[in-house]
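In the two assemblies presented below, chain A is common to both, partnered first by chain B and then by chain C.
Up next is the complex of A and B:
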């Protein structure tokens, strides 16, 4: 039929296949394991090493950090603390836990196929932004650079990170350092002022950087399509909403204008666009609540917040995040598991540190405020 | 001969009640025998690792081991001798608490010396870098001056000799920073310098990178570094560049302008470096003094602390909730070690100074007994090959016992070569001769498997040589030129050549194949066919042997149902198809086809015809013996019946036993522990042991939980499919 159309003898390209989600998913099922089967299996194996409820209740019964070391030795953490002299510090536990997570991440990154490697790199950009901001704020407060570097997350370190310490203005920082990093695309828009750093503009920079990063990451995952788009879409939309709510609440009685606030919201998310518009106009905590109340998943947010003083807004967000990340493991043949594993493990490190702090400061009554995972 | 038991050791589940004071000594004595598998007491299920009574001791041992690792690292850094053979005389045995005090003191002292040394080392490394910069920076400067000869003239040729002019000159004067930077950071450094100064600074590298030591996270590491000189002018840029060097981890060093000053500085540095070396030697000597005495006993101490840790960890398994003074241990013991165990318990009791006598008694076990296969040096590797496929259940026939012969022989059939086999034999003998010196040592990744499998190699090589003799092959060539055939040759030379034609065999070869095949033109066709057929016969016999092992188990445990409903149809299936094939092979070999003046029919077609053309008569030229079609029809139908026979009846009958419930609970009454008399380890009869084992096997069979017909059917069909397909594909691969 093609050849006979209007006597045109050149081949007419076939129409592109209908981009139905179902079809892409099916293709994924067939080909996913070619490139990413091994790494997915590895990360699922890591997942089963996440501390269980039983582990937490055992940790909660510890009388000291030495007890914790003993119990952690029988979990997947193994003998990661074996060469640390007693007495143990909470800092050491946290550092060693993070070190282990980074090791696992690097193992997966080394074994990742091209597409997955890119996805994993996207995960590290978040840590890079944190490190950049940490260094800028630290330098503003005249902290020692090497001390700051120690505090940086190992996954977000890049070669010229330390050079940020000699920059004085956003423009400088961009031209000297960031232009060489993967953050350049995000930094292009917000590192334009040549005025010196202040606490407020660093905060604004952080939020704009993060906004640009999240939007790019979101667009990337949606482009990947299939189950990855579903799973990551839900997680990142929540992330965008959480940022929007936090920005609004934190900027409630500050010099940040409403227009300035509006520029910090991501252009996606479940709250986008009406919820975000309402948030932009909000003046009080009540207005924030009204803005998000009509969204099912956030309805209980402020109710609980008002009745239960033990649980902060942040805890609620963490809990919801854990829930979404756990769900990511219910679907196969998608990259969401890698992101979810990192986030769950980070939550686990926070939990361990919380328990360790409670134990070492003798505040055992508050020990149960950690966020259970599995 | 006890080492070569066909079945695993009979086990008993014993309970040991003892005085708390005697526990440590008793565990130590039992540990020396290594004959008891302690089981965690039921009363401990809710207790975490750190809630056990001896967790403090375990923790203490962990810390001592950490310190010992530290000491070992320091000793080997100091090249101190560590005596691995040393033992600690009983009189000098220190208690853990004393060890802790000594170790802590020693660690403190070592840390002090080490800390001082680290500070010194840091300056030492800095001086080394300084020296390196000094030696190279001048060169770099020289090249710069050559490149821009006019510069100096310009500087001196100032037009304005006023104060302002002086300042301008100062600002314009070229200043420099010299230092070292990691070679990998060079390009980044260059880029950032350019960006910071907008091109108003010149960075030159010496380009002669050298490995220099530095501290990183408390560890000394060698990094490739290169010297650089940065030329710039102006104070603002200078400040920026100085800061930049700090953030880029570039170490700056002062380089004087004149050659004399440089020489002076170099001398100073050299002197300081020499001094440092002396001080370091002294510090090392001091460290050696602290640690030397311990280093000699390091191996023994490690052993002791590890043993203590194991003892306390074992004691943590005991039930300590019975009373203040008693501890109850439970565990599996091989029956034949019970007398030794009793003696060990006595020794432990008297050593520990117990006030209550220890009591051994047998109790109802909580689960199936473990399989204990006693092995020796030779059988251990073969047994581990077997266990890689699956450990036999308690008291089942251990197939690993046959491995030394079957495994090595099958390898020999495939490898079969005198020359290669001899090489392998030499290798195996080499590894065996190293046994004394290598045993217990950590070997390299490549060597370790070969060493561990040295007896496997030995037996495989011997069988290869034997099979090589049978094939008459050495390094792929035939060894002996003579022949047992009668030859018709044009010239009456004794050795047959290509002009000759074989007439008839004069005599049968007394050993192996006739050597003449080695040089025959149709060697490959003959040998391939021969080897393939022999493989089928041996493969089928091996499979039948596997079935015989199963029969032996069925008879031993008196499991008649398994024998009749699983084992028997398996025999029938295997023998009626593949056993028949082996029979055909032998029949074909025994028939004198030349005498019959017939072409021998290909057996592959015969076998395929048996399955594909069921019931149709066989053509004359394909016939091997009269009545073949009928025999084949009968055999095939029997084989066909055997498949549903092994698939259906067994799970259905078990279902019937369970009253046709979809899910029924077959677990016997709740387990209750009963003690057989006071000191009641009575000698069990063989029958009793068997009965116990059978109970265990039965429990295993149904997964010991509720019986589920679906599960049973799936298991049985997997078994059947695996057997049928396994038999076919194994034979096909032969």
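Up next is the complex of A and C:
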């Protein structure tokens, strides 16, 4: 396929082709609006439509999902649930919210300049990886392909996605499907065995693909330079650290060896290299805590956990991510706002679904455990 | 070496310094280039500012249509920069004389005839004392330099003024879309920015006012 780079044997995926990024490093402010002024302004307009605290408290006071439909109609969402049949379900709300996000993304993608289009494509690779793993896992558990395709994230769909259902081994999957996608570069390393897929196998594959993707994305943003490199660098370093901590905690007491675990950590991030080394050797929760304690922003991670059982580690990570994404909007003339908007909107969808679930399951006491954004 | 050497007028004591290079440039060329720079570079600055502000304004007005009319002020400030350039160009153009002035002002005063130069080479005839006050210097070279540099002064100050107002205007449009009370405050920054162009115009006028190519 035209996107395959089969001859590459270097351990790190090839950097993307040279772009005219020199001017960004030196003269961002005066040349950014040439190509991307319109799209940045559009995304900032979208940002102003993110639900506020007032909207969330209105939603929290709803008695049922029909009420929620009414309250969402006065926000930026508008009448998006208009045509849904009457016993509304949280699944539908989630799908329609994501659909709206996808529409906004596609509008920006259509109006994007070449460089911005490449940046936005990088954002979609993450969803592609999720879809690939979803399909492989689902096929392993013998689910129906069309059912799985419906659950795939729309931004990560590509043409040959369905063909993954008939593949049985990683090598097969690579040769038939992945080699023609942008994921080819990331898949080269881990899709070489010809043994069949297993549960553990697929998890390792997911993490290896995502690691390669994150490293590539980070290298690309740093090459763009200027404010984009600063903003995206901070966000992606946190992402790498978060994955490192999660992988470590989830693989304590499992079959994954320490070397295996070590190969899944990204080669950048605040925790790299010392924290990552210590995480690799960690055996217990305590050891993990000690490994990250010396890094200021993660110190309270495990302390807070002990005192406040309501907020899990995952919630803390979501909160921190929201904080970094909000900060991305403070700078003008950089690409970080596009990434940050996508992540904030996803968090908003998660919040809406949480509130909807609390309402429909009658657990109003837990309704305030969403992550507030603005 | 022909009689055309009559226009080679050194103002320093010797022929062998770099000033001769500039003085060789025809005064008419210098003056007209200055006028061209004043309008051309000002328009460059204005255009830069307008596209910077305009693209942000167009995008931000999608979700916040109320900002449309108010934020055109930023575009008007940028346009004013181009207008300054045009005004100065017109003023400077009226100071251009016709080439008839040339013949009158390059007469000999023993300073630039072939015979006198040959005898005193490499020094000026008479030690250069009479050359400084020659008609060529007073009536042609001085106005030429004044007009050229007034043009450069106005052109470049308007360039940077336009870029400044443009970037600020872009920020103003985006901020106004989020929060309407910010508009007037950011407009004050733009007003200070557009004063930069005005400074250039004032200095340009002062520089060029005694200049007239008769």
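FYI, the second predicted complex is superposed on the first by the 348 of 374 C-alpha atoms of A that agree within 3 Å, B and C clash if a C-alpha of one lies under 4 Å from a C-alpha of the other, contacts with A are read in each partner's own complex, and residues count from 1 in each chain.
The rule is simple: a residue touches a chain if its C-beta (ideal position, glycine included) is under 8 Å from a C-beta of that chain, and two chains touch if they have at least 3 such contacts.
In this text the structure is predicted, and so the values were computed from the model without any measurement.
Of the two partner chains placed around the shared chain by superposition, chain C is the only one that A:34 touches, whereas chain B remains out of contact. Touch criterion met: A:58 reaches chain B, while chain C stays clear of it. Counting the residues of chain A that each partner touches, chain B and chain C differ, and the larger count belongs to B. Of the two partner chains, chain B is the only one touched by A:159; chain C is not. Of the two partner chains placed by the overlay, neither chain B nor chain C lies in contact with A:287. Contacts of chain A with chain B, set against its contacts with chain C after fitting on chain A, share not one residue. Taken in their complex, chain A has these residues touching chain B: 58, 61-63, 66-67, 70-71, 73-74, 82-83, 85-86, 145, 159-160, 162-166, 175-177, 180.
On the side of chain C, the complex with chain A involves touching residues 48, 51-52, 54-60, 62-64, 163, 166-167, 170-171, 173-174, 177-178. Looking at the complex, you find that chain A touches chain C at residues 29-30, 33-34, 37-42, 44-46, 48-49, 332. On the side of chain B, the complex with chain A involves touching residues 48-51, 55, 58-59, 62-63, 66, 69, 107, 185, 188, 191-192, 195-196, 240, 243-244, 246-249.
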